[in-house]
Amino acid sequence: MRDRYALALGDDALVLAQRLGEWVARAPELEEDVALANIALDLLGQARTLLTYAGELEGAGRDEDVLAYWRDDRDFRNVLLVELPNGDFAVTMARQLLFAAYQYELYDRLRASTDDTLAAVAGKAVKEVHYHRDHATQWVLRLGDGTDESHRRMAEGLRAVWPYADELFDGDDVTAALSAEGVAVDPATLREPWTAYVGGVLAEAGLEPPADATPRRGGRRGLHTEQLGYLLAEMQHLHRSHPGVTW
Amino acid sequence: DEREAAFYAIVDSDGRIEPRDDMPEAYRRTLVRQIAQHAHSEIIGMQPEGNWISRAPSLRRKAILLAKVQDEAGHGLYLYAAAETLGVSRDQLLDLLHTRKQKYSSIFNYPTLTWADVGAIGWLVDGAAITNQVPLTRCSYGPYARAMVRICKEESFHQRQGFEALLTLTRGTPAQKAMAQDALDRWWYPSLAMFGPPDSGEQVSGGHTEQSMRWGIKRFSNDELRQRFVDMTVPQSEVLGLSIPDPDLRWNEERGHYDFTAPDYDELFRVIKGDGPCNAQRLEHRVTAHADGAWVREAAAAYASKKREQAA
Amino acid sequence: MSGVREIVAAVPDPELPVVTIEQLGILRDVRVGDGGQVTVDITPTYSGCPAMDAIRADIVAALAGQGIDTVDVRTVLAPAWTTDWITPDGRTALEEHGIAPPGPAPAGGAVTALTLTVRCPHCGSPDTRELSRFGSTACKALWVCRACQEPFDHVKAL
Amino acid sequence: DEREAAFYAIVDSDGRIEPRDDMPEAYRRTLVRQIAQHAHSEIIGMQPEGNWISRAPSLRRKAILLAKVQDEAGHGLYLYAAAETLGVSRDQLLDLLHTRKQKYSSIFNYPTLTWADVGAIGWLVDGAAITNQVPLTRCSYGPYARAMVRICKEESFHQRQGFEALLTLTRGTPAQKAMAQDALDRWWYPSLAMFGPPDSGEQVSGGHTEQSMRWGIKRFSNDELRQRFVDMTVPQSEVLGLSIPDPDLRWNEERGHYDFTAPDYDELFRVIKGDGPCNAQRLEHRVTAHADGAWVREAAAAYASKKREQAA
Amino acid sequence: MRDRYALALGDDALVLAQRLGEWVARAPELEEDVALANIALDLLGQARTLLTYAGELEGAGRDEDVLAYWRDDRDFRNVLLVELPNGDFAVTMARQLLFAAYQYELYDRLRASTDDTLAAVAGKAVKEVHYHRDHATQWVLRLGDGTDESHRRMAEGLRAVWPYADELFDGDDVTAALSAEGVAVDPATLREPWTAYVGGVLAEAGLEPPADATPRRGGRRGLHTEQLGYLLAEMQHLHRSHPGVTW
C-alpha cells in the first residue's frame, strides 16, 4: 500500500519535471532557463527516489526506469494538474504556484512520517520546494501586478489551472489507512494552509481565485487528460525501442 | 602614449587587466566580440542538447542532461555579466545575436539526430571547447580569465559524462554501438572545425591571431589547438572502441603527434555564413523564445519600478 | 461451378451498399480452378481505400455461405480503376439513392479541374453548384442543388 | 389555418415536407436545432477519434481511422447543407456552437485514453447513433430524412470496423484484451446516456418528445431506443468476449428484452451543462481552429470577389 | 536496389500523410478538414503499397508495418520537405504545391516503368496526385491573391519551404542505375516541368520564387531534420510498445 502512495507522489514529480523540461531554451529570460531547469531537476530527483522506493516496496523487481518508461498512461497516478500543457509563462507559473504550495505543505508534514524513507525524502525535498514556491510566488506577483497584459494573462492562466487544484486534496483508501498509521499525510489536511498561502499571494497580486470552476479529477485513479498520452509517447519512445539495455 | 604603455606593461608581464583599467579600444572591442560569441554559443548550445531532454532514455541520463543544459544557461549568464564589465549590456548583445550581427559557434548548426549525439557533443564538442578555453584561463582580461577557470572545470565534468554515456553505448547492444559510431562519424569533422581556419589561412586574412596573441587573449594558434585536441581524443576513441572516420589518421613518431585529415574548411565557411543544416532553425528558435517572453520581461520591469516607487 | 461469379458480383460495396462491387466496377475477375478453388481480383477505387479488407471478408463470407471455402481474393492495381467501369445499372442505382453518377472519365489518365454541370439526382435540375471538392469519401464530391436546395453526393469522374 | 392543415395532412400521411413547403415556425426551429446539433456532433466528434490518427498502431488502422474522420467531416458538411435548406447559414450555426448557444452530443466530452477507445467509439457510440438515426430516415422533413439514409449507411460501416478493431484486440494479448475491456467499462454508460433522459423525466419537463412525435420528427421514445440498443449490443459483447460493466444485466424472458441498469442521469445533465471531462477542451479546440483559420477564409472570400469582378 | 527506390517513394508519402493528418479537426474550414484528410489518405495508400513492395523486394520478411514502425529516423529515406512542421495553412499549402507538382510529374512518367508494380502504383496515384496539385494550386492562388495578410503569409510560407525543393530532383546511384533500366524516373528530368508548373502558379498568384535560398538536403541519405524524430516517436510509440501483436 505504501508503494502506491510513493508511486503517486513520484508520478506527480516526474510528470511535472517532464513538463518543465520543455521550457528549457524557450524561457522568457536566461535566468528562467536556469530556474526552470533547476526546478525540473529537483522534481526529477524526488521522482527518482520515490519511484525507486515504490519499486522496492512492491518487490516485483521494478526499478525507477521500469516504472517511468514501461507504464501506460492508465497506470500513472499523478494528479491532472501536473500534466497540463505548459501554455504561456503565466499558465506555467499558475500551475507552479498551486502545485508548489501543495507540495510544500505536504513535505513539511511528511517529514514526521513514521516511514523513514518518506521522512528522509520529505526532509530533503521541503527545502527545494520552498524555493519552488517562492519562485512561483514572485512571478505571480510580478505578472499579476505588472502590466495590463501580464495581469490579463495571469488571470487567464489561473483560470486554466484552477479546476485542477481540488484533486490535490483528494484522499482515498490508501491515504486514509496510511495516514492513520502516521505514514502518509491526509491530503485533506493540506487544504487549509494551502488556501491561506495561495489566497495571500493572489490577494497581493490583485488576482481573484476563480469562482465558478468545476473541479477536475481522475489522475489519482489513472483517468488522465488526453495530453498525458503524448507526453509519455515522447518520453518513453527511445527507452521502449531498446528493451532491457543499459543507457 | 603613456596609458597604452601601462596597458602593455601589464599584458607583457602576464598580469591581468581589470574592468576599471585603461585599455585600447580595439582590445576592448575584440574582447567584447569574443566573450559575446562565447556567451551566445552557450545559450544556442542549449538547443541541440535540449532536444533530447524529453526523450532521454533513462531518468539518470535525463537528470545529467538537464543539469548540463542548466549549466550552459548559467555559463551564458556568467559570460554576459563578464561582457558587461566592458560596458555593453546583455540586451545589446542579444540584439546583435538576434540580428545576425554577432555569431555563435558553428558547431551548434548541426542537428542532434540520435541520443548518441548527446554523448558525442559532451565528448567531442566539450572536449574541443575545453582545449580552446584552457589557455584562456590565462587571458589578459581578468573577468574573462576567471570565468574561464570556472567554466572549464564544469565542462571537464560534462566531457567526462559525455564520454561515459558513449562508453555505455559502445559496451551495449550492436544497435547502441552503431548509434555511437554514427554519432562520431557525423561530429568528428565539425569538431575539428571548431578550432577555426588553418593558421596560414587566417594569417593571410589579416593577422587577427597575431594581434590577439600580442594582447594575451590568444596563446596558441588554431592548428596547435586542433593538434592538441586530436592527440587527446584519438586514445579516448580507442578506449571507446570507435573508429575515427579518417583513413589517414596515424601516429607520427617523428612529430610526436597524430597526422590527420583536416576538416573541409569550405564547409566551415559555408556554415559560418549561415548555410549549415540548422542555422535558420537555431536562430529562429532563439528569436521566437525571446519575442514570446517580451511581455514577461516587461511585466517584471513594470513591477520592479512600481516597487521602487512605493519604496521611495 | 457456374454461379460463382454471380455470388461474388452480388456482394454490396460496404461504403456504398446501394451498389454491388460489380456495379461499381471494382470486381475485376473471378476464376474457378480445377480443384474448385476460387480466385477473385478486386481493385481499389483509390490507393488508400480502407474498405478493401471489408470487401475481401464479405466475398469470402458470401462464398462460404455457398460452401466454397478455398478462396483467394487478390488486390490488383492495374489498370487503375476508372468511373467508366461503373455499370449502367450501377449508375441508375446511385441516382435512385440520391447520388449523382459521374460523367465520362477524362482522357489521358489525368483528371481535369473542370467539371461539367451535375444534375440534381433529387429534382433533376442542372442548376447545381459544387460545395466541396471532397465529400465524406474520397470518390465523392458534395454538391447542392440551387433549384430544390438538396445537398447531394456526386461520384467524381476519374 | 389552411396552410397548417396542409402541413399536417402531409405529415399525418407519412409524406415529406420539402424546403419550399409551408411549415409551422416551431417545426422549422425544432428541426434547425436538431439538425444543427447533429452537424455540430459530427465535427466535434472528429476530435476524440482524431486524437489517435497520429498514433494508430498499424498503417491499415490509420487509414481506416483517417477515412472515418473524413466521413464525419463530410457528414458535418452535408448536415449543415441540410440545415441551410431551412434558411440558416452554416456560419450562423457555427457561431451558435462557438458561443455555447447550441449543443453537440455530450458523448464527445469524454476523452479517448487508449487505442481501444477508438474501437469502442465505433462499436458503441456509432451503434447508439445509428439506433437513434435509423428512425430519422423516415423523418417528415425530406432533406433530413434523405441525409439520414446516407449517413446511417456509412455509420454502419464504421460500426462494423469499430467492432472488428475491438475483436482483434480481444483475440490478441492479455494486454490488448484488458485495453478493450477498459474501454468498454468507460464507454458503456455514456453510450446509454446518448439516448437522453428517461421518458418520464422528459415528458414531465415539457412534452418535447410528444410534440416531435406529432411532427413526425421523432418516432420512438428515448427509453425504447435505449432498450433497442442494449438488446442489439449485449450479444455483440458476447462475441467479443467482453463483460458489460453492469451486474444487473440479464435477459428478461417475459419482456423479451434485457434488463439493465440505467445510466447516471445526474452525470448526463452535468456533462450537458458543461462539466464533462472534455467540454472545455473540445470547444476551445474548435474555436481556436476556427479563429486560426479566419485569415484563410477571408482570403478565399476576397479572391472570389476579385474573380467575380474580373468576370463582370 | 529497387527496394531502396520503392522505400524512398513510400517514405515520402508516409511522412507527408502523417503531417497532413495533424490538420484534421484543425483546418480553416470544414471543406479543408475533408480535403486534407483525403489527401493524407491517398498518400497513406500509396505509402502502404510502396512499403509493402519494398519489403517484398528486400525479401527479409519486413511488411509495411515493420518498415513504418520499426525503423529509426536515420533509416528513413524521405526528402526533408515532407517532414517539415505544418506551420500555418500557407506553409502547408506551399509544401503541398511543391511536393504535389513533383509527385505528379514523377508518377506521370513512372506509369511507363518497366516494373509492373511501380507502373501500377503510379497509374493509380497519378490521378490522385493531380487532385492534390490542383488543390494546392487553388489555395496558393487564393492566398497569394487574396488579402494583404494572406499574401504576406503565403510569401513567408513559400520562403520557409523553398530551400527544400532542390532535394526532390537529386539522383543517386540507385536512381541512375534504375532509370537506365527504365524502372525508375531520373529525378533530374522532373525539374524542368516542375519549374514550369510551379513558376506558372506563382506568377498567377503574384508571388516570387524565393531567390537566395540555400538548398537543404539529406533526407534521401537518412540525414533528417530534428523534427522527424518527434514525428516518429508519436507515430511509433504504441506499435513499439506491443511488439509482434496484431492490431
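Per-chain numbering from 1; labels A, B, C, D and E assigned in written order.
Simple rule for what comes next: a residue touches a chain if its C-beta (ideal position, glycine included) is under 8 Å from a C-beta of that chain, and two chains touch if they have at least 3 such contacts.
Owing to the predicted nature of the structure, the values given are computational and were not obtained by experimental measurement.
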Chains touching both subunit B and subunit C
E
Using C-alpha atoms only, the most centrally placed chain is E
More contacting C-beta pairs: D-E or C-D? The answer is D-E
Which whole number of Å gives the spacing of the CA centres of subunit B and subunit E?
37
Distance between chain centroids, defined by C-alpha means - subunit B, subunit D (Å):
58
CA centroids of subunit C and subunit E: separation to the nearest Å works out as 28
Multi-chain contacts in subunit E, i.e. residues touching at least two other chains, fall at 30-31, 34, 38, 41, 44-45, 48, 72, 233-234, 237-238
Multi-partner residues in subunit D (2 or more other chains touched) are 55, 60, 63, 66-67, 70, 73-74, 77
Taking each residue of subunit C in turn, which ones touch at least two of the other chains?
48-50, 131-132, 134-136, 138
Which of the chains touch, listed as pairs?
A-B, A-D, A-E, B-E, C-D, C-E, D-E
Mind listing the subunit B positions that touch subunit A in their complex?
43, 46-47, 50, 53-63, 66-67, 69-70, 73-74, 76-77, 80, 90, 115, 165, 168-169, 171-173, 175-176, 285-286, 289, 292-300, 302-304, 306
Which bits of subunit E are touching subunit C when the two form their complex?
30-31, 34-35, 38, 41-46, 48-49, 108, 111, 116-117, 119-121, 123-128, 130-131, 134-135
Within their complex, state which residues of subunit B touch subunit E.
48, 51, 55, 111-114, 182, 274-275, 277-278, 281
Sites on subunit A touched by subunit B in the complex:
14, 18, 21-22, 24-34, 37-38, 40-41, 44-45, 47-48, 51, 64-65, 68-69, 88-89, 141-143, 145-147, 149-150, 153, 234-235, 237-239, 242, 245-247
Considering only the defined contacts, which subunit D positions touch subunit C in the complex?
18-20, 60, 63-64, 66-67, 70-75, 77-78, 81-82, 84-85, 142-143, 146-147, 149-150, 153-154, 156-157, 160-161
